[in-house]
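Common to both upcoming complexes is subunit A, partnered first by subunit B, then by subunit C.
The block that comes next holds the complex of A and B.
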C-alpha cells in the first residue's frame, strides 16, 4: 500500500497543505478570539476623540459584527485571490509590506544561515576528528554555552563592543541615518548588515556544530573507517573520503529544520539593531495589534518552515541515501 | 585498579562539556556531585531572591547609573535601583515561568504520547500531525499569536509558554512508549486479557516517568529563554516588573551611554541559571538512563 514514490510524494504534499491550512485557520481563530478590541487598537490614543457612531461605522466597514465564520470566509476568499488585506500600522497592503520587509530580512537571514551552516559544519568536523583534545573541548564548550545564550543578549554585547566602544560598526538601521534606502551603496548596506548577521551566525553555529561533532565521532569509530585505516588511509584524506558524507546528511536536515528558529532569532536581532526587516515588522505588528499583518506573517513563516523542512528532508536523502532506507 | 583505569578511559572517550577530573572518583559520583551543586545553587537563588524581593523596587536617585562596586556588585540602573537585587527577583520569575511550562507541557506531552500509542494508527497519526502543526510556526511567532489571543500581559505570556513546549517531549515519549508497547511483556499482558487502559497504566507509565521527569526539567531552559525574548521585545512580562528581558530591553536604550553592566551582568546571570537547570536535567538523565551517555 502506498509504496510507489509518486503516491508517497502526493501523501506528503497533502500533509504539508493540510498543516498550512490548519495554521491559517488556527491563526485566524486566535486573532478572532482575542479580547483586544480591533477598533481601539486601530485608533489608539485618539479613542476618546471618536464617538460611538464613528466606532460603529468602522466596525461595520471591517465587518466586525459578522459571525466569525462569515468573516473567515470573506478573508480566506480574498487570500486565495492574493489579497491579504491592509496593514493598519503601515497603511499599505499586507503583501507589499511583507515583500518590502522580506527583501531586507532575506539578506540578513541568508547570510546568517549560510555562515552558521558552513562554519558549524567545518568546526563540528574539526571537533569530531580531534575529539578529546583541547581544540574539541574549546569548540564544544563554546557551542554548549552559546546554545543557551539569549540571541538578543549576544547582540547587545556585540553592539556595545563594536559599535559603542570601538566604533567600527554603525549603531543600527539598514542604511546610514539620513539616507534613503534607495541611495545607500552596497558597501554601506553590508556595513550595517555585519553585526546582526554576526549575532545570528554566532548563535546559530551551536546546533550544527554539536550534531556534526557527534556524527563525526560515530563515523570515526565505525567499521568502515577502521577498514580504511587498515588499508593505510590516514589524516584528512580519510576524513574527506570516509567521514564527511556520513556527517553531512544530518547537518543538512538540521540546517533546513532550524529556519524557523532563525526567524525567531531575526526578530530579536532586528530589535537590537533596529534593522527594518520582517522580524521588526512582526514585533511592531504585535505591539500595535495589527491583525491583518500578523496573519500574513504567520502564513508566510509557516510556509517557509514547512517548505524548508521538506527541502531539507529531500536533500538529506540525496546526501545520505541510508536515511531513505531507514525511513521506509 | 581496573575501575580506575576504566574511569580515565571513559574520560578520554567522552571529553564532552561538563567533565571535571576528580581523580579516583567514578563518573556516577561526579555526576551526583554536579547534580547536587546545581540544585543547591538554584535553591540558593530562590532563597536569595526571597530575601531581597522587598528592596528590589527601591529607587535611589542620587546613586543612579553607577558601575559595579562592593555596595552594588551589579551596579545600579537609571532610577538607582540595585541591579543585582532586580536580577535575582527576575531570575526567580524565570524559574516560575519554567515551572509552569514544565507542569503544563509535561502533562500535555504525557497524555498525547499515551494517546499516540494506545490509540492505534489513528491516534498516532493525529498526534504526529498535531506535533507537526505546532512546529510549523517559528516558536516566537506562535507565542506572539497565543499571547495576543489571551489578551496580553504577564498571565497570558506565562500561559502561552506553558502550553507550547510539549512537541519535542511528545516525540521522545511516543518513541519510548512505542518501544515498550512492542515488547514481549506487554504482549503477554494483552494475552492475559488486560485492556489498553490497564496496559497503559501498569506497563507504559512506569517506563515513561523517568523520561518525563528529565524531559520536563530540560524544558526549563527553552521556556525561560522564550519568556526573556518576549519580554525583551516588549510583548511579555509587564514592563514594570523586574524580569531579565525587561531589564535588558531597558539596558539597550542606555547602551550607547556606556552603561555596559546593565546589559552584561543580568544576561550573564540568566545564562548561568539556564546552564544550571540544564546540568540538573542532563545529570538526572545520565543517572536514570546511563546508556544515553555511553553513545
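The block that comes next holds the complex of A and C.
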C-alpha cells in the first residue's frame, strides 16, 4: 500500500509530528502535575521579603491562574507562529537561551560522541578478534562495569581523582572562574571540557564496544571468513577486508541511536561539573518550573534524536548493503 | 597446475592425521577431545577422491588441517605431504589459496558486505597474481559472467552465479589440489550435477580433487576412489565399481552398511554395538 517514496516520506513526517506532540503534551502534563510552586521557585530565598500581593502579580503575569488546558493552547498557538515564548528564569526568549546553551553543549557532546564511537568500535573489534583471551575478558568486564555505572558517579570519581587529588583539571565551569565567557582562550576552554567529555566518552564506550564485539565474533565464525582463511587471508588483513565492514553496520546504527542517551548523560555530567550547557539548563528549568524553556528543550531533544535515528538508518544501509534489502 | 614437475611422491598424502580439541570444563579442568583419530588418504593428480562419512565423523576437520586453518584450540599431529614434501602448519597456510584451495558452494562463503569484484580482486592479490584487477575481470568473464556482476553484492546473485564466482576465486591461485567440502547440500538435482561436473572437469584438467561429503550416491557419479571414515578414522578404501547390487563386493561392514542404507539396496537395520 505505502510503496511510493512520497507516501513513505509522508508517513515518516506524520510520525515525527505526532511524536513531537506527544512529547510536549507529556512534558506539559508532568509540569502541571508538579508540586513545585513556580513563584516560590522563581523568587527563591527572598520569598519572605515579598507579600501575597506581589505573589499574585507574578502569578497573574505568568498566567498561572488560568486552567492548564488554556495555558497549553496559548503556548501551542504561539509555537505554531514560530514564537517559543520567554524563559521565566533567564528572562530571555527561549530560542536565544536554547541557541546559547546548545553551542556550549555541542562541543561537549560532539567530542564525547566521536570519542566513544571511535574508541568503542576499535576496542570492540580488538575484543572480538581476540575473543576468549585475557584482552577480551578485560575489555568486556570494563564495558559491563561502565554500562552499569551511573554517569554522575563516574563523573564524581574522575572529579575526585583528577581535580581534587591530582589538581590537573578544573573543578567545574566552562571557563576559569572570574573570566567572562568571551575572554577565555581556546586552551582554557579545552581544559574545562576535558573531564566532562572524558566522563561521557567513558560511559558511552560500552554499548558500542559490546555490540561491535558480538558482531565481530559472529563474523569470525561465519562461512565467508572460513573461505577467506582457506584463501590464505589471515591476521589483520582478514579483519580489515572481511570483518570490519560486517561489524560497522550495527555500530553505526547504534551510535546514531544513542544520541538520545547522550543528552541524558550530558544532563548529569553537566550537573556534576557545573558546565553551563543544555543539560544544566534542563535541570534548572525542571526544578524551577520554567515551562516554556523545558518544553522548548524537550522539542529540540526529540528532534535531534529523530534526526539521529534517520541518519543512522541511512548510513547503516550504505555500510551494509543487506540492510537496504531488509528495509525496502 | 604446479609449476615444477616433482616426482617426490603423490600430489597430496595424509598419514595418521589426528586432531584433538582442548576444552576447559568450568574454566579449570582441562579435557582433551579427540575428533580425528587416524586418517590416511592419497589424492593423485587428475583424480577425484571422495571422503565419505556421517556428520561428525571428522571429515571437514581433515580439510581444515590440510589447509592449516583449524580452530585455535585444536591440536593436530600426523603428516600432510605435497609432492612428497612434508608440510608443517606454516607451510600449509602458505600453500592455502595457491596450491591447495577450498571450494565451498553456498553464497554464504562470500562476504555479504563486499562487492563481488572486490572479493575476486582480493583473491587474486592473495594468490600472488601480478595484475589482480585484470586477473579478476578475466576470471569472471571466463566463467561466463557479465562484467557488471563485479559491481553486485552477494545477495544480488543467483545460486548458480554465486557458485561460479566462488569457483573463480578458488581457481585464482591455479591450484593443484582442490578440496570441496559438502558441495551439494540441499541443492536440486540439476545443481548437484552441475557442481559435481565442475569437480570432474577440474580433475580432468589435471588437479587432484578431494570431495568431502556425506552424500554417497552423488559422490559415486564423479569419484575415482572412495575413502570411508567412521568416528574420526578412515576405515576403508573402496573402488567405485564395488558399490553395486546389495553391496556384497564391499569388504568393510561399515561401508556395506552405508551403501545398504540407501533406498533399494536391501536395507536392514544395523545392530548397534554388534553381536
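In this section, the second predicted complex is superposed on the first by the 272 of 328 C-alpha atoms of A that agree within 3 Å, B and C clash if a C-alpha of one lies under 4 Å from a C-alpha of the other, contacts with A are read in each partner's own complex, and residues count from 1 in each chain.
Here, a residue touches a chain if its C-beta (ideal position, glycine included) is under 8 Å from a C-beta of that chain, and two chains touch if they have at least 3 such contacts.
Not measured: the values here are computed from a predicted model.
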Which partner does A:270 reach: the first (subunit B), the second (subunit C), both, or neither?
-> neither
Give one of first, second, both or neither to describe whether A:22 is in contact with subunit B, with subunit C, with both, or with none.
-> first
Would you check which partner chain A:319 touches, where first means subunit B only, second means subunit C only, and both and neither mean what they say?
-> second
Using the touch definition from the top, say if A:294 reaches subunit B (first), subunit C (second), both or neither.
-> first
Touch check for A:136: first (subunit B), second (subunit C), both, or neither?
-> first
Would you mind checking which one, subunit B or subunit C, touches more residues on subunit A?
-> B
Of the two partner chains, subunit B (first) and subunit C (second), which one does A:229 touch, if any: first, second, both, or neither?
-> second
For subunit A, what residues appear in both contact lists, the one with subunit B and the one with subunit C?
-> none
What residues of subunit C sit close enough to touch subunit A in their complex?
-> 67, 69, 93-94, 96-98, 101-102, 104, 106, 108-114, 122-123, 126-127, 153, 155, 166, 169-170, 172-173, 179
Would you mind writing out the residues of subunit B in touch with subunit A in their complex?
-> 12-13, 15-18, 129, 132-133, 135-141, 144-152, 221, 225, 228-229, 232-235, 248, 251-252, 255-256, 258, 260, 263-264, 267, 270-271, 274-275, 278, 295
Under the touch definition given earlier, write down the residues of subunit A that touch subunit C in their complex.
-> 222-224, 226-234, 241-242, 245-246, 248-249, 319-322, 325
Parts of subunit A lying in touch with subunit B, wherever the complex brings them together | 15, 18-20, 22-23, 26-27, 30-31, 33-36, 131-133, 136-137, 140-141, 144-145, 148-153, 156-157, 159-160, 164, 171, 218, 260-261, 263-264, 267-268, 271-272, 282-283, 286-287, 289, 294, 297-298, 301-302, 305-306
